[in-house]
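Following this line, the structures themselves.
The two complexes that follow have chain A in common; it is paired with chain B in the first and with chain C in the second.
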Partner chain A sequence: MGGILSLPVLGVAVIYGITGIPNFAIGVIGVFGGFVTWYFLSYNMGLAIAIGVVVCFIIGWIVQRVLLTPISEMGGDATLFFIITIAVGFVFEGLLRAIFPRPNISLELPRIGTISFAGFSVEGFKIIALLFAIGTLIIIRLMEEHTEMGKSWQATSQNLKLAKLIGIKTTQVFSIASGLGCALACIGAIFWGSLYNLQLSSGWDLGFLGFIVAVVGGIGNIWGGLISALIMGMVMSFSGYLLGGEWQSVILYCIVILVLIIAPKGILGSERSL
Partner chain B sequence: MKDHYEKISTIGILLLPLLFVLRGGYLQEVTGYVYLFLIQGYVAWFLFFKSGQPFFGYSVTMAIGAYGTIVLNVMFGWPVLGAMFISAAFAPVVSVILFLATIRAKGFYVSMTSFLLAILFPRLINALQDITGGRSGLYFSGITEFIGYRPLYIIVIVWTVVVAIIFLWLMGTKTGKILTLISENDRLTQAVGINTFKYKMLAYTIAGFISGLGGALYVNYTGFISSIDIEVFTTLYIFFIPLIGGSSLFFGPILGALFVILIPELLVPVERYFRIFFGLIFILVIVLLPEGLAPNVQKLLKRIRKNKE
Partner chain C sequence: MSEPVLKVTDLTTCYGSISALKSINFYALDKEIVGIVGPNGAGKSTLLESIAGSLQPVEGVIELLGHRIEHFSVLKRRQLGLMLIPQEANIFSMMSVKKNLEVSVILSDREKREELISYAYELFPILYERRKQIANTLSGGQQRMLAVGIGIASNARVMLIDEPSIGLAPKLVTKFFETLKKIRDDTKKTIVLSEQNIKVLNIADRLFGLEAGEIRFDERKENLSRDVVKDLYLGSIS
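Then we have the complex of A and B:
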């Protein structure tokens, strides 16, 4: 579970870490991409995934460029972004209902079976999702160290005014971060859709889960997000096993609320505060 | 004087639906529903917009009032009115505990904690489905069994007006002025020697109680409640009421409630596209009319009056 959760969490962390905007529509946009992938799956699997991911990147880019950055420049606060991104989520959930005829889909990707380790057996797909998240995280970190683009991300997240002064196109940086976050959420939705199934409303679950797990890790802190995704994934699995499926999310949300009360900056802390 | 005129006209507008009492039917049913949400909208107007408390647990306090009434009445045999008031009294316990627990945190963290509680609560209701009915819900005849549907409709309208008057009066008192000060600048209010903790506690208590009682009235009016009715989107719709209507003017929440409840009703023929339209209209109102509908409606009315003169 933690492996799949880690992708939308990473998406939230990337967007919040760079833009400082809490984007609650990310899950719905990701699931929209999952449905797009499903639509093209019968043609070619690789192409279908690529189309879904690219569509999500473009949506994330446009939403940031047209809506969120201008509101941010007008001085919008976190609460306003929370509300606006929920409304954006409504639009994309509505588009899903309008475009796709089926309310419930399953992405039939080739399965790789279960992997047994130390007496535990884990679905191979979940391991791949986790490895993918770790790989993405390492790539992001390497980009931050060695590429101009990565350095401009870092500069923008650390000091926006200074970044603007030294000529970094912060608007572009924000748009790319948002596109990247939505693309990661899409990959998370694809993994989710192949293991379980995707419903029209799955995006909210994925987005809210992604967001709260990111908050527990220390929102904007991508390592914290990854560790939190693993812990929360285990908590969900164990509580589901011990108490039944209905209690799974109750326990998860109780823990998150407690973490927020005890350590508002998350388990690893956050450079940005909400 | 102008302010006085706005208050009286708002109360007058709120009383208008009493004219539908004899007509009954769909219009009456929807109006009652709009008013039940307007009660919650005024709670959000008071607590979030006027007192500056970042609370998003309106669906939770409302649900405590609703479920508490059913549980106490049906399972423990309490009289309906007693069950309603006791469960309403329990609702502020949750809002105050949340306030106390997040006292060290700032702004958006408090919002997030209460928002998470709003996500958690319907899941808890599902998990406790043996008592609460979960998604299948619980039916409740409540007050309607004794007084019938029409008198209950009148009670809903009158109670909404009473709630509006209570908040209106409260905001004009010293307490209301201090709450406005807190919402403007919490630290400064504290610095001038005012015990802000006491006033915030009071705001959470009043808001929780009125929201809880509104929830108790809701379940009597609708005769049914399930976890779907108190999903996290309910809290968002409640919050949208003063936000869309405009929190600066007292009649703002009325426009907001009409917008939030009636737009979905009007969009029923295009149900498939409902969320797209709702989301888009919402974004447009927030971006183009950041003050909400009420100040713009007021400007428009003034312009029409000027043109006539």
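Then we have the complex of A and C:
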């Protein structure tokens, strides 16, 4: 569970870390990509996944470029972004309803089987999702050290005003970050859809869970987000196993509230940087 | 007289309904060091931020190297050769010194980048010593050096520096100003700096006196008596 959660969490962290704008539509956009992938799945699996991910990247880019960046330039505050990104989410959920006639789908990807470890068995997909998230994170870190683009991201996330002054194309950096975040959410949705199933409204679960887990880890702090994803995932699995599925969210959100009372900035502390 | 590289005509900038700059005329010539002096709240930072594009003026014309730039974005002004080193938050505090400089050469030709960074290290050897250190672990003075280093790395034709001496020990201020002069002499750039510190008289070619959003004087240094400057800060007796 934590493995799959780690992808939308990473998406949330990348977008918030770089742009400072919370995008609550990220999950719905990811699920939109999941449906797109499902639509093309009968042709070719790799191609279908690629199309879904690219569509999400483009949607993320456009939403940021035409909507969120201009509003942020005008000085929009968190409440405004909350309402606008929720509205964007409903737009995409509505589009899903209009385009895809089926209320829920299951992505038939080849199963990898389960891996047993110390008496527990874990679905192979979950491990792959987690490895994918960690791999993405390592690539981002390497880019920050060795590429101009990575350094520009880092500079933009640390000091937007100075980044603009030294000549970084911050608008472009924002758009790429948003595209990347939505693409990660899409991959998360694809994993989710192949393990469970995707409903038209699954995006809200995925997005809000991603957000909450990111906040618990320390929003914008990517490592904190991943650790939190693993812990929260385990909490959900264990509480579901011990008390039954209906108790999962009760236990999960009580723990979220507790953690945030004790550490309001999350487990590793929040930072507006990658 | 040669054409100014930077020229501001009738510039008015407001915060809400309060005008912080009232129809300012200002210019800087090529290779000149211009000091904008005045007390706190005179509008010095507002003027620099309006020129750089961080603030949008209500009225007026800003020309840079013959281009009208008042409607240009910060980025476009930067691409034309203007760079502002702000008074606060003027470094990337969670990045190493080296990376601060590396990211600031982004608009320069690839062949020139190493050279610019080496020049910044040459001016401030302490930055080279501390190049691997995270910027916010530097002392206040060193952070200020890094901010100027970022300006050098950016290789802008016109460099605006907002209050570079604020918070520095008096001894450091003199040295710091000498370094700014050396930068101008070496690189033939135009430097505009806002200052409260009177020592700016030692390096500036020309001074603009600003008070309550209006220009009080605009004089070459040699024509300026210290009393005029003093009046600006203390208020004229007459």
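Methods note: the second predicted complex is superposed on the first by the 271 of 274 C-alpha atoms of A that agree within 3 Å, B and C clash if a C-alpha of one lies under 4 Å from a C-alpha of the other, contacts with A are read in each partner's own complex, and residues count from 1 in each chain.
Following the convention adopted for this analysis, a contact is a pair of C-beta atoms (placed from the backbone, for glycine too) under 8 Å apart; a residue touches a chain by one contact, two chains touch by 3 or more.
Everything numeric in this text was worked out from a predicted model, so none of it was measured.
> Pick one for A:C254: touches chain B only (first), chain C only (second), both, or neither.
It touches chain B, and chain C stays clear.
> Of the two partner chains, chain B (first) and chain C (second), which one does A:A98 touch, if any: first, second, both, or neither?
first
> Tell me which partner A:L242 touches in the superposition: chain B (first), chain C (second), both or neither.
Neither: A:L242 stays clear of chain B and chain C.
> In this superposed model, does chain C or chain B come into contact with more residues of chain A?
B
> When the two structures are overlaid on chain A, which partner does A:K169 contact: first (chain B), second (chain C), both, or neither?
second
> Once the structures are superposed on A, label A:Q154 by its partner contacts, choosing first (chain B), second (chain C), both or neither.
second
> After the superposition on A, what does A:V66 contact: first (chain B), second (chain C), both or neither?
After superposing on A, A:V66 lies clear of both chain B and chain C.
> Can you list the residues of chain A that meet both chain B and chain C?
273
> Which of the residues in chain A come into contact with chain B in the complex?
Per the stated touch rule, the residues are 22, 67, 71, 77-80, 82-84, 86-95, 97-98, 204, 208, 212, 215, 246-247, 249-250, 253-254, 256-257, 260-261, 264, 273-274.
> Report the residues of chain C in contact with chain A in the complex, numbered from low to high.
Residues 52, 54, 74-75, 78-79, 83-86, 89-95, 99, 102-104, 106-107, 150, 154.
> What residues on chain B touch chain A, complex-wise?
Residue positions touching the partner: 54, 101-102, 104-109, 111-113, 115-117, 119-120, 123-124, 126-127, 129, 134, 232, 236, 239-240, 243, 272-280, 282-283, 286-287.
> Looking at the complex, which residues from chain A come into contact with chain C?
Chain A residues touching chain C: 148, 151-152, 154-155, 158-159, 161-170, 271, 273.
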